[in-house]
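Taking it in order: structure first as structure tokens, then the write-up.
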Amino acid sequence: MLKIVVCVKAVPDPKAAGNIKIDPQTKTLLRGNVPMVLNPLDKNALEAALQIKTGMEVHITVLSMGPPEAASIVKECLALGADRGILLSDRGFGGADAFATAYTLAMGVQKNGDADVVFCGMASSDGATEWVGPEMATMLDMPVVTMVREIIPHADEAWEVKSALENGYRRMRVRLPAVFTVTRDLNSPRTLSFSGIIKARKKTITEWGLDDLGVSAERVGLKGSPTIVTEMRTVENTRKVEFIEGTREEKAEQLVQKLVEVGVL
Amino acid sequence: MIDFTFTEEQEMFRKAAREFAETMIMPKVAEMEKTGDVSQDVVKALAEADMMGITIPEEYGGLGLGYTERLIALEEISRVSVATAMMLQVFALGIEPIIKFGSEETKKKYLPGLATGKRLATTAVTEATGGSDPTGIKSSYTKDGEDFIVNGRKCFITNSHIADTITILAKAEDTPKAFCAFVIDENMPGWKATHKEHKVGMRGCNTGELSFEGLRIGKAQLLGAEGKGLGVTMAAIGDVGRGGMVGTALGLQAACLEESIKFAGQRILYGKPISFLQSIQNKIAEMKIDLEAGKLLGYRAAAIQDAGGRSSNEFAVAKYYTTEAAQKAAKMAVDIHGGYGCMEEYPVTRFWRDAAVLGPSAGTSDIMKVIIARWAMS
Amino acid sequence: MKDDKSPVWVIADQESCNLLPVTPQLVGKSRKLADDLGTTVEVVLLGDGVDTQPSNLFASGAERVFLGNDPALAEYHPDVYTDVIVGLAEKHKPQIILMGSTSMGRELAPLVAARLSTGLTAHCIDLNINADRVLEQIIPAYGGEITIVCPERRPQMATVAQGVFPLPALDEGCRGEVVSIDGPFVHTGRVEILEVVIEAPEGIPLDTATCVLAAGAGAGDLEGWKLIVELSKALSAGLGCTRPAVDEGWAELETMIGQSGKMVSPETYLGIGLSGEQQHMVGIAGAKTMIAVNNDKKSPVFSQVDYGVVDDCRDFVPVLLEKIRQYREKQVSC
């Protein structure tokens, strides 16, 4: 049976992420009241695993690192069809940058054992670094293909994938075990279903902390992070807007005039 | 301490229903509005999302969930399409008498198909001469050995032209006060859907007439005891019918509030969005108050029903309150939109038309008051 | 680390043996960083048939080029490229490594960083050396900016999108040292590149367009988006978009403008039906004249542009198209 691990992250709802702002006085983050949701690209990663499951015997583990509240997004993944959920949660994991996150997740994948395939979203909507997948692959000594937009799974343990380029794609063959980070072009993720939620009642979420993973506290969280944020600041706008007023016709005419002045027309 | 919180699982059901409504139903709304017909894509989507089997027990292929979950689903679907919520709510209205009063054989015959959407249900009680007072109906049966022969006509029947599994009520031709409830299906000759109505709102939800001419029904199709059919249909309408209208109304209330907030934040008057004007805020506050109050009434009634109690009176209060509130909210949402509120590309015009249909469905507000007064004075 | 004289590195990115603009842009910026540190700029250039390119790198400000010119290096291969760069970095110990946020850089940078057990910052919009001689890496976030440093581990690594830094003035007289990297360049075969397919983009390329039109959720639906496409043609503008337009499936990811998309600096920017989210606006900050159309006068976009039109883009764009047509007709008849 093919063992797939899908790495997922709880992120502030991208639809409301604009409410998170930097306090101009204290230079700290004002988190607003933004709910945490499953990172959008991680839905594509899970969908990739679920689609492979329709064609062959597959066991899907969802792995997430986050605070205890992140269990809700793991539960959501179970309701979407994953078989097992693991939440890596420990105060010591807090404040991790991409490198420390990749290390912690890699240790989780290792403890879970014998992964044939690891799927990640290409990036998280809050961090947007794209580093976790490839860094984790390096730590697991697996090959990685990023920005995957098409997968042709083969039973013979070498998969063919297409990876997006700015102006085209690479077609590659990858020997398993391997890590793939996926784009939203790969598939259209399914939505939650009532029956899936009911089936998830019987599925459990395992929580692992620092001791369970058996890793040094120096290698995870803030302590294990090579990079740190030293400053946050607000940005002053240097432009001053001049509104073009009038009826719709007048506004359009004036805008055409403006476009002529700046040389567009 | 009364616990007013939804469980984590119920919150997930809500999320699922919202995602479903927004991805599968929303894109079909324009088409339903244009044609006025039932969208087969919507029916298929409802079936695939298990929406038809929410309250059907698991042993018959349903989800075995409660009325709270049903209310959650209806509320979220109605927020996107009142017509779709109405269609779905009436499926359950047809299913409920089979669950509650059907023989084991009847349940096995119909419920699995109804749970997966292979079969579509409705209930047909209302006639030109009686709906809220079902004793006024004229459809009648005579007995021919073990069989029943039914003649008559039903009107204003939701899902009339799409349903193939229908709970009907008929009175005995010779014995006064004897009513029978039957389940009929597409394999029985002697009944057909006739006239299709064109409603002011809820376009995409089918309403029409059924006619029975020498419809022969075997004894096995009887729901409940012979002669006791009134109780069968009234139980379904009282709890499931009114409860379904509450979910439908709450969803419409929420939609009116959301569109109003959105528009009021964008429309500039006197150099500021109109949401800064107190007269607009007043309307938004009223909509919010009504929505909060309506939810408490509706979910309390559903909780009573889930706990096995009788909830038809509580649902009468909730049905009255929420359908009135939805009509108020739709009017206020249109008012906030000003001239735009008359333009069909703005969804509030649809809300207004849909709201008009909510009132009379499953018993008018006046009938609800009759029931509520009877309850208060009992 | 106070007296660290180890070099600043740029990993060159090339296509069909020509350097991508981001490479000289990064070399130019590295020159400034290296001057502040009192050290040198070195470039790692891998490819096949790229042996004429070092002179361009020297002209941009590099002093040394590690040149791997070999058929086995013709196409970017994650394992081969990572091995070569990690091997060189372990030997020469650069204090900074910069890469373009290209499809290669976005995969290669984390592979190299993980092998070197060091930090890596994504898609920076500015880089500075601070008083402690540490690289300050600036990224936009939460409507402002944040500064990230990698205080202890070396090298300090960052990726930067094309267009963030200007092309340096070329000094053709500059010469430097070419150090050739010898093979064999082998890999285990766990990843094989079967083919690289180039798909020609439609319309006017965003990078070079003098006018860029960008639109977002305000387009409303696919019909609305078609009006935007029509407008881009009427203006001969490059057509870009914001995240919602990609999510809705109206536009391709490749045309997204912003921190994790394209960074462009046209003469004129026209933003329609978008809210001015920072993620997007940093990608267009270099435009000379900026114009926005949005139905909400309070929209943050208006505090970031020079001219504003408050109107619903679905209603406004058809009228604008008509006025442009009338203007063009007048031009012809004159």
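Should a chain be cited, it is by its letter among A, B and C, assigned in written order, with residues numbered from 1 in that chain.
In this section, a residue touches a chain if its C-beta (ideal position, glycine included) is under 8 Å from a C-beta of that chain, and two chains touch if they have at least 3 such contacts.
All values reported here derive from a predicted model rather than from experimental measurement.
For subunit B, the chain with the farthest CA centroid is C.
By count of C-beta pairs in contact, A-C exceeds the other of the chain pairs A-C and A-B. Computed centre separation for the pair subunit B/subunit C is 55 angstrom, with centres defined by C-alpha atoms. Subunit A and subunit C, compared by their mean Cα positions, are separated by 21 Å. Taking each chain's centre as the average of its CA atoms, subunit A and subunit B sit 40 Å apart.
Shown for subunit C are the residues that touch two or more other chains, namely 297, 310. Residue positions of subunit A touching 2 or more other chains: none. Those residues of subunit A lying in contact with subunit B across their complex are 72, 75-76, 79, 191-198, 201.
Touching subunit C in their complex are the following residues of subunit B: 265-266, 268, 271, 273. Put simply, subunit C touches subunit A in their complex at residues 78-79, 102-103, 106-107, 109-111, 113-115, 117-123, 136-137, 140-153, 189-201, 210-211, 235-237, 243, 246-247, 253-254, 259-260, 267-268, 270, 275, 277-278, 288-292, 297, 302-311, 315-316, 319-320, 322-324, 327-328.
By the touch criterion given at the top, residues 8-9, 12-13, 15-17, 19-20, 23-24, 49-51, 54, 63-65, 69, 73 of subunit B touch subunit A in their complex. Of all residues in subunit A, those touching subunit C in their complex are 14, 18, 20-22, 29, 40, 97-99, 102, 123, 128-131, 133-135, 137-139, 143-147, 160, 163-175, 178, 183-185, 225-235, 237, 239-244, 248-249, 251-253, 255-256, 258-260, 262-265.
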